[in-house]
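Each of the next two complexes has chain A plus one other chain: chain B in the first, chain C in the second.
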Partner chain A sequence: MKTLRILITLIFTGLMVNTAFAEDAGSILKKMDAVLFAGEDQTSSIRMILTDRGGNERVREAQVWQKGANKRLFRFTAPAAEAGIAFLSLPDDVMYLYMPAYGRERRIASHVKNQSFAGTDFSYEDLESEKYVKRFTPELLDETDETYILELTPLPDMRSDYSKIIAHIHKKHHYPLKMESFDRGGQPFKVAEYTFKKKGDYWYTAEIKMTNLRRNHSTRMIFEEVAFDTGIDDSVFSVRNLTRY
Partner chain B sequence: MANAFMEKYAKWVIRFRYWVIVSVLMITVVMANFLKDLEVNADVMSYLPDDDPAAALFNRIGDTYGGNEMVIVGLEGQYVFDPEMLDIIRMVTDSIRTTPGIGYVTSLTNVLDIKGSEWGIEMGRLIDEFDIPQDPEVLDSLKRYTLSKDMYRGNLVSEDAMATLIMGKILAGADRTGVVEEIMGRLHGFPFEGNIHYGGMPVTLLELSRTIIYDIRFIAPLTFIIISLVLLAGFRNARGLILPMLTVLIAVIWTMGFIAMLGYQITMMTNIIPVILLAVGSAYAIHVVNAALAEHSVNPDGALKRAVTYIVVPVILASITTMFGFLSFIAGSYLVMIREFGVFSAMGIFFALLLTISFVPAVMAVFEKKLKTPGTPKSLTLFDKIPARLSMMVFDHRRKLLAIWIAIVVVSIWGMTRIERRVDIIDYFKDDSMVKKGEELLKESFNGSTPLYLHVQGNVQDPVVLLQMEEAQNFMQQFPYIPYSQSVADLIKQMNDVMGEGEIIPDDPYKIAQLWFLLDGQEIMEQLVSPGLEEGVIQAYVTSKELDVLREIETNFTEYAQNNSNDKHKLEFTGIPLMLKRLDDSIINSQTYSLIIAIILVVVMTGLLLRSAKRGLMAIIPIGITLVVLFGTMGITGVPLDIATVLSGSVTIGIGIDYSIHFISRFGEGQNEGLGIKESLEKAIRISGKAIFINMIAVSAGFAMLVFSNLVPLQRFGFLIAVTMLTSGMATLTILPMMFAQKDRNK
Partner chain C sequence: MKKAVFFLTAVLIVHTMPLPAQENPLLWRGSIETDQRLLLQDDREWAWNENRLDLSLEKRVSPLYIRGNVWLRHLGPSIVETYADLQDKGKVSPWDLDIRELYAEVHGFVSENIDLTIGRQRIAWGTADRFNPTDNLNPYDLEDILDFGRAMGSDALSMQWYFTRNSSLQMVYIPRFQPASMPRGAFAGVFDLSVPVNLPHAEMLVPINETTLILPKNNFNEGSNVGFRWRSFLLNTDFSFSYVYGRDPLPLATAVDIIIDPVTNDTEALAVMEYPRHHIAGGDFSGSIGRIGIWGEAALFIPESGFHTDVTIHFAETVIYDKVVALQEDPYVKYVIGADYTFSGGTYMNFQFIKGFLHESGKGELNDYVVIQTERSFLQNRLNIQPLAGGFTVNDWNNISDDYAWFLTPEITWQGIDNLEITLGGYFFDGKGNNFFMGLKDKNMIRLHVKASF
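The block that comes next holds the complex of A and B.
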């Protein structure tokens, strides 16, 4: 009788522990978004190392300013011939391009999301500055001691290039460790591997290595000099500022 | 002395018969084991010679820029700018795109369209696959816009908007034919009311490899059966059938095993080696069996030894001349696969010879005791009667016979003037083949399917190099058979226009670098510039493959490339038209070289081995007439000279001369025995005539089976050899006796 009671208690506590620790897919994704879009604003410099099938490397460098989830300015600094080229992303899929050699900005239409960004393995969709919860329906597939494994299915109106993304998310800190994207035929397409570091209160992406499995081509984006909450003025994200180079 | 040696050899073979049989069987087991490693290589491009710079460059461009990895799906028969049709295009695009092994797809529903507008750059899809237009007015303006642009009209959609192309790039290293099969499987039964066509190198490869496998699996066994039936009808006993067929079967196993052992692959030419060996090789054993039976009927004691002593020399002679016939292709041919075909066919003949003079007598020695003395001779068959009657016409109807041959030769000479040449690989496929239909569509409704490349070495971001590219494109497109060309210069011009500075190459390298930044990573860039940007390519397609067009391209374009190369950029043309031109040159060269080589070698060999220059020359008279008939037939029936039919001349010499050799040596034997001309002739006809006649029917029937091949040149080749074997057999059986009889009259 006593053993039975202990057993029952154990089972119940076990269940309670489980329910207490288990998070639903939606909140996991929300927490991941919170890490990815931490802080009011963020600045960093990025080094992009492009490696082709033959192992040849090319390097591009850029400066990035981001405020909230959907304002971002990307300005290239190297190589010299491309220095000054800038992309400004604003809410509602509004994007501007600036080319200093032409001295003028051009607005860019938005329906090219699966196009490569600046020759990298990141598509415009991959770099979209919109929260994941607004783009995907998550489902918890599995969990290990350290990670949640979510299957993200694009919302119907997302016009995504992917049929799904399998996201491996760190259980404790909620940053992504790996995202595997599948094409619309369900074939593995790209893999993004993340390295996170902590600065102050925030975890930030120190590196993303994106591999295009089809092209056998990869890009490492290395984030340096990351700063949070420096109070970037809204005017930074203006067309006027874009052309000021 | 030679006779004494042959007698020694005959004794040796008969004595060591079991050793010979066991060794042959052991080698056969080993060779058969290699057969499973035999692979088919249908890639015609891999048979372009490495020592031709244009061919090497063409293959390098194919590899670097992926030109040989494009699979083209054509949808034809429905109006394109219709919501339902656009949706079909989108679905087909998607099912190709998601096929494993496909890198990317270009179609109307996913092609990148860059437009400059008053408010900025619209870098989007030509047609939004997520939002296919439904409004007729929108569709109409979409049609007008699409057809107004060179990069779409004739490339993705036909001028009349009744056909569209979807192009899939197969990833480097993927199984190209496997990917095409997968795509076809996916599109099979697709709810589309028009026709689905396929094109591009991978599709050609798939159809070629299917054909090659079909030929080996179906035509070789068919040839085997037909020849067996002829032999059975001719000899009316199993020995006359089983031994020759077993011998060639072993020769086929050795040859194909040897090809595999050396690491070579089966090509669209070497796949007919089994057919050739069956047809040609069986003859050797037939002559040995026939000789043994003939000796046996005279005196059973030591019949085999006498037969072998006599027959080895003519058989060696006959096979050596045949080998020379095949080896004569090595000199003049452009395609590596033709050389391989010549060498391996000759090797097969050599194996057949080896087996005929060792294995055949050894097996016969084992069964010699069982050789029954034919009591009263069986009733004579047609195979005895016809050659006898033919040759006897020489005595009774000499003038008529002469008149018939003269008529044939005159008609043939007239026919020879009408011979055409055909080098286009597409013509090798039957009209109802997938490749031919796809090609029709590409040629009729689109910009063509015959790639021509201008390779430009130099910094492709340099304005000078880009301007040169633009100029070269203008040069190319002034020819009516080049409707379109594409290079990175086009893209730069287009982007410069989008930036508001007109459709020109900017002279500021800084601007080019920044435009480049926008193009970087786009799929089309891999097709136009090398990853290191130190070279690029202008792609064009040619709509005509007429010989004078090919000639014009070769001379004009090569000259243009030379004149416009300098220290900044080096230009070089290559492409299918140049390859075809070279192929055409080589067909003429091959024909001349191989015929000359074959004739000289055959005269020398036969003269040497028949030990008389006169006999050597006599031996080639029937074959000379046969050659005239061959080329006459080609002219009259419209069979052109192509990569396979060009071989028929030397093959005819090589095989056809055998008849003369056997006939003349048998005749000579009679003379040596002291028989008169008429008696010698009778003997030659009785023994050799029958073997020649049976062989003529068997070889013709065997080669005729090639008409069931799916490759047009092989069909033509089979038909021609069947015709020439009949001609050369008939010529041997009538003209040679006529000449010997003439000798008699002159005495």
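The block that comes next holds the complex of A and C.
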């Protein structure tokens, strides 16, 4: 009887501990989303430096507008061959691409998500403007004095080219420090290293270095002239605006 | 030359205008390109030689945008025929200036939800990839027949009212009729200009040697085109409905005078050609099923009237009169359905089924075309390969073996240096029967295209 009590106690304790971890993981991920999608809106200029295995560099530049957690507009400004190309991401996987040479926007389906964004090491999925809690189930794997380590697995109805992501999250400020992505076969695929800075009340991404482990190629995405809460109108995230280069 | 002076003057004026908004300088970007295509048959003739400066300009004086796109080109070989022609540099080294677009756009005209665009502009309607049956306001630019979907700008007034963020109504008025430009150089004979002739003891197809075009009167009633398009978004799908009242930019022969030599049977035919009016009701959509992108586009063409070709045949001392249907009065539908997908390995595939190519019109006259494109990028987009690109056409599915054509347009593009793109490709055609791509059967060619952007 005593053994049974101990067993029941252990089972319940175990369940409680697991539940507590699950809640913690969810709460940590929500806090990370709150940092990543801070403010009502955000604008920035970004510079993407592509470095191949030989150390050769190429540079891409763009303007970015973001509102809430699921509206984002990218417009390339350099190099000249890509200037004017724009990409609009809206809720529910609605995406448009505008190429000035064709004079019209093109609706693009979610099959592009696994594709490289403009030759960088970021895929369309990496740049998707949607909260992590809406895409992944978190599990707290470990914690150190400074970081939480979460394993993120795609939600059942979530279409992802990653089988899981190991997220290293700053314990105090809840911004990501590193994200290790694994392909569908479970093999290490990409590593994103983050640098965060503070502006006013908000922490913002100052730089992401994405390394493709298979290709030994990396892209540094540097955010400059970051501004929050400038009151971007919803009309910015429209096809009408997309086609105005 | 006049056009060149006008354009350069306009650029200078815009550039030197004392505009207050120095933070909005004149923006210009463009490219220089060379496109060289060599025929693989016969004497390895050059099929296409083009060197192009493509220049786009933009000046913003809020809420006004002034935009332009011009091509300055050296095109083709020398066209000198006499010693005197050598004194004309335009013939020694042919060039032209093509003002593709030049317009002013007002964002927030009268109301903040209305945009007004005035000037030469491209009004691109439709959701399909380059083959757009609802894209009927601008005339086709068929000069380079292999550059599918190219259209010329039209002098137009376009007003677009965005009554919600996802819905808009566009109204377009084009005051003057502009015909399509036809294929040139090696592609000049690709459209079959011939008329069927019924002689007492024979039927023959007589090629037309000379034509007289009757353009519509340059007035409000005869020359103008109008169009409306309502766009919206529902159930994760973009869609639109459109209406155009205009003229077909390709002419039809309404009268043909044929002289047949009774000894040699050689023919000489002179045709009078006109541009038929029609109403076009269109609709299109684009969306996705799962991860697959899908689109469709259809246009119902309602000819304002049927067209007949009055044929007069002079054979020896006899004159025979005949009448051939050039365009039936019955409505007909052109449509495109398509899909695209990117496989996990990175290979992109695009498929389209097309009912009725751009030059085909009339009930029962539309053929079926299937167009496929595959694409794969390597080395972080430095190298792009289109191994399987092309398609096939069938006139009669019950007689495929005697009337079909296929074409392949593989290419490989290298973009190892920013702003430089080098493409090596080919165009290959084969088939049987009497269809559009058979007109290109002896024009297999390889192509080198180099583009430097600035």
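In this text, the second predicted complex is superposed on the first by the 222 of 245 C-alpha atoms of A that agree within 3 Å, B and C clash if a C-alpha of one lies under 4 Å from a C-alpha of the other, contacts with A are read in each partner's own complex, and residues count from 1 in each chain.
To be clear about the criterion, a residue touches a chain if its C-beta (ideal position, glycine included) is under 8 Å from a C-beta of that chain, and two chains touch if they have at least 3 such contacts.
Please read these numbers as outputs of a predicted model, since none were measured by experiment.
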Fit-or-clash call for chain B and chain C when the two complexes are aligned on chain A: clash
Contacts of A:Arg104 with chain B and chain C, given as first, second, both or neither: both
First, second, both or neither for A:Gln187, with chain B first and chain C second: first
Partner chain(s) touched by A:Arg240 [first = chain B, second = chain C, both, neither]: second
Touched partner set for A:Val94, first chain B, second chain C, both or neither: second
Which of chain B and chain C A:Arg214 touches, first, second, both or neither: first
Which of chain B and chain C A:Asp161 touches, first, second, both or neither: second
Contacts of A:Thr144 with chain B and chain C, given as first, second, both or neither: neither
Superposition clash, chain B against chain C - the stretch among 24-32, 114-122 or 636-644 that is involved: 114-122
Chain A residues contacted in one complex by chain B, in the other by chain C: 52, 81, 100, 102, 104, 106-112, 115-116, 118-120, 159, 184, 215
Of all residues in chain C, those that touch chain A in their complex: 29, 31, 56, 58, 65, 107, 115, 122, 124, 126-127, 160, 162, 165-166, 168, 236, 238, 286-288, 291-295, 340-342, 344, 346, 348, 377, 379-382, 415, 418-421, 451, 453-454
Chain A residues within the chain B interface of the complex: 52-54, 56, 76, 81-82, 85, 96-97, 99-102, 104-112, 115-120, 159, 183-187, 214-215
Residue ranges of chain B in contact with chain A within the complex: 94-95, 97-100, 103-104, 112, 116, 119-125, 128, 130, 171-172, 498-501, 508-511, 513-515, 517-518, 520-522, 531-532
Residue numbers on chain A that touch chain C, as the complex places them: 50, 52, 58-59, 79-81, 83-84, 92-94, 100, 102-104, 106-116, 118-121, 159, 161, 184, 215, 217, 234-235, 238, 240, 244-245
